[in-house]
Every structure is written in structure tokens, then in C-alpha cells.
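Should a chain be cited, it is by its letter among A, B and C, assigned in written order, with residues numbered from 1 in that chain.
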């Protein structure tokens, strides 16, 4: 079992051992375990409640995505008391062995390809597909909450959303606009050279995925001007 | 002999699964009675196969029941009932037993027998005793496969039970796989 | 590369003296700080020559209103300034500049203090430096604790922010979406008629130490932001029902495990545990985000020992983590932090013309260009 990532809230492992089935109906023979360790600073009662609520919330969000046919890992099992989710492993890996996240893929191109390669038709159609995926998500009033190029994985050419630790349900254009804005900013800071093209393609796809994108895009303009936070007293 | 056994990586127990097909109504009624009496020979989780889409679906239910027992968060008195409850998308135990338990409403029905056992118990002995106690023929004891489950499941009723009629299905992927994933999701979210 | 802090030094003088005036809420604070020439460092510390404060304390069950607070500040400001100069052992004309809180805070109290600042400036012919209150807290915290580039949790009566430095700004990574933590505690104290002397938060902390049973309260963290209004209204209803004199409304709440009655102390304890868990959680998330392992807690609520203890437990789980907090002299609003941050600006050439000394209730931490840092 190897650690894939360690955030403030959860540790993510990859394993080859399925928790209960030798021939599961998922494509990969590797599995992801997301574990929310208990926090010593919290009162045990608060800690148990938070661990359970967050784990349940994430499973519920993922199950909803599964039902809607929006690309994301399938849930394999969950242990709410101990804050564990087993899920499908997504991605086929890059030639250099890295996890095939959009971030790693674009970085790989930056390192190994010329400028044209970084903005090729293939890259364009991939980012349009990513935008479409986020559009579909928002069309169903689902907010990811932490969109970055490392939270989108590529399985072949198909993008998949992962990490729903900050997800929520909302029909507000504001929340959707902020969701996109967070991604735009992440693209700017991680892929600064081609960020303008990348963000343009993402939005192109977004409009395809979300039929009611007009209000969101108008709101996005506002959010870009004022930043992520609404202005408030003190 | 036709039974399955498996182990889960995080538990020392062995899972025993045996399928008996076309068990007659009288026998099914009798099993029910023995169960209610608490007869030790009938210490199994008994299922009909109308609502089980795949082995993975079944194994998830068993696994979850064992996790709940370990965590002290089980909702039923015995592990067998907890297994049946964990196959269900609704929290009501009676409802789960009615849907998933022994189906004696027809002349004959399939009976799936599940038991969680210690390592030192002989699986063959358990299976033999089961067949003898129930008085079924050895030919009725067939191996449980996903193909068998797909044929015996009532897809329309299954979708209704798990509230999957509004789900979006992908024509390129096997329906059984998709239903397995969705049903497991529904089971995991039961009562949350 | 480091910035040159001495481009504007006075010939023949190898130090700077600044007076700071703070009155953005119910504390009136005046302090004098001394910087020697050169970069501030562990060998060249800022020297606190005086740090005087007077707090406007209201009766239990009452908050401080802007008008009354402003009156308090006006009544006391001359006395406090005089005491501050005496404590420092200097004359007004020895100073290099007058620093004042320009915001954020309550309008009327801010205005009554800036009038004092303007008067001193004209009286002694000294430049005026407007200071952002939050930046004052951050700079003073850094100076006192030696925390070089920490994630800052700023928790006070009017503010709840999680801040980290990046490219010459103190950027807000997370903050309250509604009321501030101190406000939440103060308003809860009013319901239970807890004394405002020396501070409602301090008294809640003492009561919480005697609390035994945890009452489950809402918990609202959204990424690096948090919301506290829901918790407050929930516990307010609980408190009113529990301690109502009307026997019909007086519902007893019983702890599930022990079967014992819930006490006011239990509510204080539960409120602190819930609110502080949220604060520590967003701090941890911000630390992971900016890959920092230092935390600095500033602001009045930062002097709470339970908050410090919880933060320490979190930080200890992180590699090379360290926690920095100041005591009540610097945590609670004070004049010295305004003097210190103002003096840093002054040394970089900032001077506010009289027309630019208008105070503002809204003044975001990230609006300030941090000219004195370039790391």
C-alpha cells in the first residue's frame, strides 16, 4: 500500500488488494483508499461526528455522479466509523510513470514536447472534454469545491473528476462561478505559459456541458473582478 | 461439491456461499420455521436470488455487515440478519428480510446460503450437512456465478427497489456491471 | 535580497520612535516603540517602551455600542497618551511619527482616536501613518514570537481570518462567512449574563474549564472558510430554554451518557470545543495549501489557552511544526502593534497627508502593500 497524496484532511493510498471481491466490476486492478485519520485536537465526539459526516457526504456525492453517468471513480466500499472509502483507481499513467492527471500530462508535454505540442488539437479536445465534464456537473447543481488540474485524471482521453472532499450541492450561479474561477486560477498558477488557451478551451467545453451556462459565465466575470471572496465587513 | 469460499483481507473469517436451485415450497417453509425456532443447524443468512445482481453485490453486503459488527455499529441482533440488511437499500429489517430472505411464495425458488465461519471449520462438512438437513438433492447444489445471478434477477423489480430507473446507463459497458456499482452505492448509503 | 529600511533615517539619529494609537473596538491603547537602525532580527529587536490600555467594560448582558465606546475613548485618550509617554520616559517631540488605526473596526471609536492622532501630529509637527489593524496584529506577532513566515490565524471580536504572506501581501486564504469568533463568544456570554470584566471570552474560557459534557453543535467549515452564525443561534436557543425563568420553557437537557444535567459550564465548553475545532481545521488546511509549518495566532481570542493547546496538538502532528502565540499584552488590541507596524511603513517612506487620514470600517488585510518585506 503506497501513499499517493497526503492532505490536511485525508491520506490517499493505492493498493492492489480489493476489500472483498476478486473479480470486481471495475476496470483497473488497483484500488484507491481514502482515509480520514482522527484528529487529536478535536473532542472525540466531534471527531467521530465529522469523520462520519464527511465520509458519508463524499460517498453520497460520488454515488450521485455514478447515477448521472458523470466520469468519476466508482465507490467500492466505505467504513464511516473509521473514515475510509475504497474506490476505483482511475488513470492509465503517463509514459514517465506519473499519475495521469491533467496537471502531470500538461507538465509532461511542457518538458518533452515543443510549444506546438502543448497547444495541439489533442490537448484542445482534452480540455474541451474537461470543460464539458464540469459543465455536466454544474448542470446537475453539483459543486466540486476544489477544482485543480491535479483533481482531474485522464483515462485514455477521457477525463475523470476526483476528490470530492469539499463538494456541495447548490443551484446558485455564484457557487458555480466560484468553482470555475478556482480552476482558472489553478491553471494560471500551474500552467502559466499556456493558461489563456487552456482556460479558453475549458470554457468552450463548459458551455457544451451546461445548457444553462449563461448566468454562470456572467457571474464568472464578476467573480474575476472581485476575487473569490465576496466583500464583507471587517 | 458446489460452494464458494472466500476471505476478506482485513478479516480472519472465511465466507461460505452455497447455492441450491429450485428448492420446493415445503422445504422453504420448513427452513423458515427452523430459523424462527433458532435451530443451530440453520445458522445461515438465507437469500432468494430475485434481487442479487452479482457476486460482488453479495460480497459487499457481507463485507459491510462484518465491518459494522467490528465497529459496533450493527443494526441487527445477528451477523446473518446484518448481512441481509446490508444487501438492502432501506433500513427496515423486516422489509429487507421480505425482499432478500427466503421466498416461499412460489412452488419453488432458489436458496442462497451464506455463512461466516472460523478457519478451522470444514467447508465440505458444512455444505454436506446443509444439503442433508434440507433434504435437497446434490444436483440442486450448483456453483454460484454472475451469469446465473443475471438470469435469475428480476431487473425491473431490482431497479425499482434500488431506485435506479432514473440512472443514466452507458450502452458500451455491461449492464450487470453498472447495476452492481449502483446497487452497492445504494447499499452503502442506506440509513445515512 | 532584503529591503532597505533606513532610506529615510534622520541624520545623526540611530533609532526611531513611534507612538501608536488604537481604538477600533472597546479597547483604547497607546504605546511607544523603538527600532534601532538596520533590519529587525533576533539581535536587533524592536523595543517596547510603553504599552498602555484601557478597556470599556459594559455590564453583563450588554455589548458595547459605538457611541458609548467612542465617548469612552475620547474621555480617556489624553490620560492614556500622557501615561504612555511617561512610561516610555520620552517627550512627544522625541517621536518620529504618530501611527493610528485606520481600520477595520467600528466607525465612531476609530474616528474619536484619529482626531487625537491628528491633533498630536499638528502639535508636535510629526507625520501621520495610517495602519491596518490586522497588519498591526500580524507584524507585532511576528516580532514578538520571531515566527518568520507563518500562517496567521487572526481571531478577535471583529475578525476571523486565516492569512498567509505571498508576494508583498498578507493574503486571506479563509475567513468567516458571517460573524467573527469573538462576536460569537460575546453574544453567547450576553445570553448567559456572563460578566464582561475583564472580557466575556476570558470568563467563558474559565467556565469552560469546569465543563464536562459535550453538547453536539452544528459544525460549518467550507474549505478554508467557516460560518458561525448558525452555531450561535443554535446554542442561544438552547441556553434560553435551559435557563429560562419561565418554568414552561425551562426544558432540562440531559447528557446522554452520564444522565446528568447540562450546565452553563458545559455549554461554554461545548461552544469552545466546536468553534476552536473549526479554526484549527482551516488553519491546518491553509498550512497544507501553502506548505508552511509555522502557525501564529493573533487577536484577542488568540490568548485562549484551549485554542492554543488544540492548535499545538495539530501542529505537533505535522513535520517540523511550530506554534507561536503572544500573551494578552500583545494579543488583545493594543497601541504598540499599531506603533510597530506604522513604524515599518514609515521607514519605507509611507506618510499619510492629513486628507488621507480618514478612517474606514472596511479595510481588508490584503489591501495593504507590504513594502517592508520582499521575501
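The rule is simple: a residue touches a chain if its C-beta (ideal position, glycine included) is under 8 Å from a C-beta of that chain, and two chains touch if they have at least 3 such contacts.
What you are looking at is a predicted structure, and each value in this text was computed from that prediction instead of being measured.
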So the chain most remote from chain C by C-alpha centre is B
Using C-alpha atoms only, the most centrally placed chain is A
Chain centres from averaged Cα atoms put chain A and chain B apart, in whole Å, by 35
Taking each chain's mean CA coordinate, chain B and chain C are separated, in whole Å, by 61
Contacts with two or more other chains occur in chain A at residues none
Where chain C touches two or more other chains simultaneously, the residues are none
Chain B touches at least 2 other chains through residues none
In the complex, the residues of chain C that touch chain A are 104-105, 158-159, 172, 175, 177, 180, 214, 216, 219, 222-223, 273-274, 277, 280-281, 284-285, 287-289, 310-311, 313-314, 317, 361-362, 364
Touching chain B in the complex, chain A uses residues 17-26, 56, 59-60, 62-63, 66-69, 74-82
Note: in the complex, chain B contacts chain A through residues 6, 8-10, 54-56, 59-60, 62-64, 67, 71, 73, 164, 166-170, 174, 176-178, 180-182, 184-186, 188-189, 192
As the complex stands, chain A meets chain C at residues 7-9, 39-43, 45-46, 49-50, 53, 145-146, 166, 168, 229, 231-234
